[in-house]
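The following pair of complexes shares a single chain, chain A, combined with chain B in the former and chain C in the latter.
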Partner chain A sequence: MEFEPVIGLEIHVELKTKSKMFSNAPVLFGKEPNTLVVPLDMAFPGTLPTVNKEAVIYAIRVCNALHMSIDHELHFDRKNYFYSDLPKGYQITQDKRPIGSEGYLEIVKDNKEVKRINIERLHIEEDTCKQLHFNTFTLLDYNRAGTPLIEIVSKPEMRSGEEAMKYVEKIRSIVVFSGVSDGKMEEGSLRCDVNISLKPLGSPVFGTKVEIKNINSISHIQKAIDFEIARQSKILNEGGSIRQETRRYEDSKKETILMRVKTDAVDYKYFPEGNITPIALSDEFINNAIKSCPELADSKKDRYMNNFGLNEYDAGQLIMDKDISDYYDEASKHTKAYKLLANWVNVDVISYLNKNNISIQSFPLSAIRLAELVDMVSSNDVNSNQAREIFNKMISDNLSASEAKKALGIVSQISDDEFIKKVINEVLDEFPNSIVDYKEGKGRALGFMIGQVMKKTQGKVNPKLTNDLLLEELKKR
Partner chain B sequence: MNYRNLSINELHELLVKKEVTPLELAKEAIRLAKEDKNNAFEYIMEKEALEIASKLTVPEANNPLWGIPFVIKDNFSTKDVPTTASSNILSGYVPLYDATVMTKLLEAHAVPIGKTTLDELAMGGTGTTGHLGTTFNPHDKSHTRYVGGSSCGSAAATAAGIVPFALGSDTGDSTRKPASFAGLVGFKPTWSRISRFGLFPFTPSLDTVGIFSRNVKDSAYVLNVLAGRDEKDSTSSTKPVEDYTSLVGKSIKGLRIGVVKEILDTLKDKNAIDAFNKSLEGFKEKGAIVNYVHIPTEILSSLLPTYFVLSCAEATSNNACLDGIKYGPYYDGKTYEEVMMNARTKGFSELIKRRFVFGSYALMSENKNELFIRAQKNRRRIVEAVNKAFEECDVIYTPAAPSVAPKFTDSSDRLSDEYLIADNHLVLGNFAGLPSITVPIALINELPYGANLMTKAFEEKELFMFASVLEDISGLKNLVAKEDK
Partner chain C sequence: MKEYNIEILKDAAHRLLFDMPTEQYETLLKEFDVIIAQMKVLGENPLIDQYEPMVFPFECKTSYLREDIPGEPLDREEALKNAHNKTGGQIKLPKVVI
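On to the complex of A and B.
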């Protein structure tokens, strides 16, 4: 029998606010355990939560990017359960009234098909503390406890691992470009749980849902789902039935592994959080949150193509990484040679970063210096080989483009039309046979003549310009 | 000199005239606290009090609380001072921070003498369920009567004259009920008027800080210091703070006293009825108009079950942090579940566990609509009924309890006609979030008996005005239990 997969995703995104969701402890990563903790984070009795405005602004930005309707009143609820990583014995979240509801995003599949994925809700909540399990004991790090999270819940509308992967890529791009999160799956700042079931093609009845947790890279999402589709299809085709269970993806085996069989759903005994009275969000507040949002990837891509004349490939490359596109944006304020600039960023800069295994933040060449170099190339002041030499010198000696050029002893190309024409005519006068050869269609003749011009000028003339002018002058003869 | 029956004002005058020093007052209060036979104290802050008091050498004439000793219920977080909420699950817990009210009193240069006992985790109204056992009513030297709770220790310490004022908390009537039994003024403000930061939560939407004092104006002085917005409590009001003493002693001529007929009708104790009626005559003599107002019996009968459902449900969640992992005694276990279960099994008394079980039950998805949601809806009906009653009066006036402090041996059916309403109606003030004050109105066989006044939200000034008139009518000001022999 043929089955149709039904896939829904729950994505948790850690917000990179200055302080925690409900306390004033700082949000930072990689610090000494239990050094970013105030009494509230460890649920000391009597402490009270205060809502982090920045986190609300961030949540609004993401809601807007996902075309959601935004609740004009903030409500928080308690989700009650006992667990060692949950200091208060409850998590403050939004149950009844999530800040965002009923949105969507569009993914472009590899076959260029555009598919809209509807999104059910986006709510604000807080992270738990981090546990490190050992054989006979567990260590708790409360640095993470209370870090602001948004949870984005899709409708179960994805049908393949590819769609799910594209969906997560899109969400990741949105949260990163809007400046609300690092969006790093490997570091847990973006976490994805997959719900997947199979149903006979065309059937209105859903199958039993399996949850896949702890997927820690975007590529694993597709692999985990593809494996799970195959696993469940096999069971169903053999006449078996699917258990309701939680699984995790093990990349070394390229398969999903059973974590636990789910019995009844946990009753979280939700009720309203009495320590936070509902907060009215004015139109002005919401509009400002949206207006202050950095430009998203899609908009940048459009701008690169429509305003800067880049092709889709180049524009697409630039928006793969927010920091790269920010670098490009900065450089593009200082040169008009947008296409050439895109080439330099996409080829030379990226390959330097890859070779040295560094990020654009640690790239020694500032955007404005790169723009200067690009201008040199675009005005034919130096040729592209010279430009690469200058590029390397700028990096190694921390120099501006003109300083590096001078240090390398590179002399500017001559681009003075009148001067070049004068030299060309000297050459034409000296070698009338070459003119004849050229007119008879002997291609070599042109190269010879250019070579003679180069010789007379010690190679300083701009080759392309010389070529163009030579053709013009030849027509006159 | 004996300072036991002096008011804040009287002590202030002595302090400003340097007839007594804060250190002398603190030492005397500590001596009395050490001699306390009513089980009022969890912890006597001797070292802290002496250190603070000895630094107070320059009298502050415009600061009525300068050098005044006080005690504070042990469910307020106090930095470096053990805080147990009278529960074994917090034995040995020493907080890292001060509750905002503690900070404000310290900044006002009042002198903390100790932490007082309470019904475990403030859940209870008898003053008998804390981990140190029963707290006694200082007005009964034979130790046979309740002082009431949950703020039992603060009530006992103030009634015994150890300090002129004390902080309690009030979720159902935990300050105002013991005040009636102990002959004190017991005040709760409008919800959000005083920061709750550092008060161990019981039911956040009902919880307020409470003030005990021996006269009305003293409570107003303390409120002047405690009221106001606190950034650490986002529910605290931004409404400007007023001088809450400004209307004390002013005339209430022409103002309407609303007596809830249905509550008064449930009062069975003859002495209590007489005392209440007498005070009504007094109000009339002061030129007030007495109006009988109505809150349907059906609503009043629903107060206890509604309160029980909402408070237990929220308490279950509020106390889920007490799991033996982060603070309090640690009991071992092979798994985290075992660690938590051991701590919670050994740390809480049976009574508390029963409330948690009930609270969880009320929140379970299969019961939630029938219990929790229904109670929430009923709360709205209760508030509407209170607001309606205020259409015909400026203050609601009721007896504060069915009788004087009952004996431990009195068997009583808490759900009977005699108790169901008269013993529980003070929670109206918590449901509606309104300011409410209990004032002694009579001594019945040498035992104090109080009545309660409630005004509209943020009408604390007016409340103290009515209360001061009532105090004037009864003449029971600065009442102190006879000293132990």
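On to the complex of A and C.
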């Protein structure tokens, strides 16, 4: 029997605020355990929560990017459970009234088909503490407890691992470009839970749902779902039934592993958080949050294509990484050779970063210096080989393009038509046999004549211009 | 209804990891008497089930949001003072998950 997968995703995003969601404890990564806590995080009696303004602004930005309705009142609820990851005995979240509801995003599949995925809700909540489990004991670090989170819940409208992966890529791009999160899955600042069931193709009845928790890379999402589709299909085709269970993806085995079998849904006995009164968000506040949002990837891509004349591939490459696109934007303020600049960023800069295993923030060449080099190439002052020498010299000796050119003894290319034509004609007069060879279709003759021009000018003439002018002069002979 | 006495209040306080002078427990017990008396009055209202539960006693909407400015965290020793068992600056618990 053929089955249709039904996939929904819950994504938790840690917000890049300076302090926690409901306390003013600092939010930092990689600090000594339990050094970033204040009394509220440890649930000491008498402490009261206050709502972080920046976290609300960030949530609004993401709601807007996801075309959601934004609630003009903030309401919080308690999700009650007894576990060591939150000492209060409950998590403050938004159950009844999420800040964002009924949105969507569009994904572009590999076959170029555009699919809209509807999003049910986006709510604000607090993260739990980090637990390190050993054989017989568990260690608790409350530094992360209370870090602001948004949870984005999709409708179960994805039908393949590829669609789910594209969806997460898009969410990640939105939260990173809008400046609300670093979106690093491997560090846990973007975490994804997948709900997946199979139903007979065309059937309106959903099958039993399996949850895959804590997938920590985008590529694992597709692999985990593809494995799970195959696993569930096999069970159903063999006459078995799917258990409601929670699984995790094990990349070393390329399969999902059972964590626990679910019985009834846990009753968290949600009720309104009495320590936070409803908070009114004015139109002005919401509009400012939206207006102050940095440019998103899709908008940048359109701008690169429409204003800078880049093709889709080049523009797409630049927006793969926000910091790279920011670097390109900065450089593009200092040159008009946008296409050439894109080539330099996408090829030479990226290759340097990969080779040296560094990020663009650690790249030693400033955007303005790269723009100067690109202008040199664009104006035919230097050829591309010379430009690469200059590029390396700029990096190694911390020089500007003109300083590196001087240090390397590179003389500006000659692009004077009349001068080049004069030298070409000298060469043609000296080597009449090469003209005959060229006319008889011997390709090497052209290279020989260009070589002679280069020899006479010590390689200073612009090679492309020389080639074009030589072809013109040969036609006259 | 369960009877409240000072021992029950003390037990609750100790479970919450704090303690108070005896006279404060006595004050608290008197306050419980008032609360329980009020609950009785509410319970006697035959229409009580027709009222929606209230979270706040009156309309108390605010627009206050805290600026995102980090404060000084607790000293780690102080933060972990109530933990019975700790190691390497972390609270140590028996493992309860598989």
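By definition in this document, the second predicted complex is superposed on the first by the 422 of 477 C-alpha atoms of A that agree within 3 Å, B and C clash if a C-alpha of one lies under 4 Å from a C-alpha of the other, contacts with A are read in each partner's own complex, and residues count from 1 in each chain.
Convention: a residue touches a chain if its C-beta (ideal position, glycine included) is under 8 Å from a C-beta of that chain, and two chains touch if they have at least 3 such contacts.
The shown structure was predicted, so the numbers you read here are calculated from the model rather than taken from an experiment.
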{"item": "Clash or fit, chain B versus chain C on superposed chain A", "value": "clash"}
{"item": "Touched partner set for A:Pro39, first chain B, second chain C, both or neither", "value": "both"}
{"item": "Which of chain B and chain C A:Thr138 touches, first, second, both or neither", "value": "both"}
{"item": "Chain A residues touched by each partner, larger count belonging to chain B or chain C", "value": "C"}
{"item": "Touching partner for A:Arg78 - first (chain B), second (chain C), both, neither", "value": "first"}
{"item": "First, second, both or neither for A:Tyr90, with chain B first and chain C second", "value": "first"}
{"item": "Partner chain(s) touched by A:Leu48 [first = chain B, second = chain C, both, neither]", "value": "first"}
{"item": "Chain B region in steric overlap with chain C, selected from 8-16, 80-88, 98-106 or 476-484", "value": "80-88"}
{"item": "Interface residues of chain A shared between complexes with chain B and chain C", "value": "39, 42, 45, 50-51, 84, 138, 140, 271, 274, 277"}
{"item": "For the chain A and chain C complex, residues of the former touching the latter", "value": "17-19, 24-27, 32-39, 42, 45, 50-56, 73, 84, 132-142, 259-260, 271-272, 274, 277-282, 285"}
{"item": "In the complex with chain B, residue positions of chain A that touch it", "value": "39, 42-51, 78, 80, 82-84, 87-90, 138, 140, 267, 269, 271, 274-277"}
{"item": "Complex contacts: residues of chain B adjacent to chain A", "value": "75-77, 83, 85, 90, 95-97, 99, 196-201, 203-205, 231-235, 313-314, 316-317, 319-323, 325-327, 336-337, 339-340, 360, 363-365, 368, 372"}
{"item": "Chain A partner contacts - residues on chain C that touch it in the complex", "value": "16, 18, 55-56, 60-71, 73-74, 76, 79-80, 82, 87-98"}
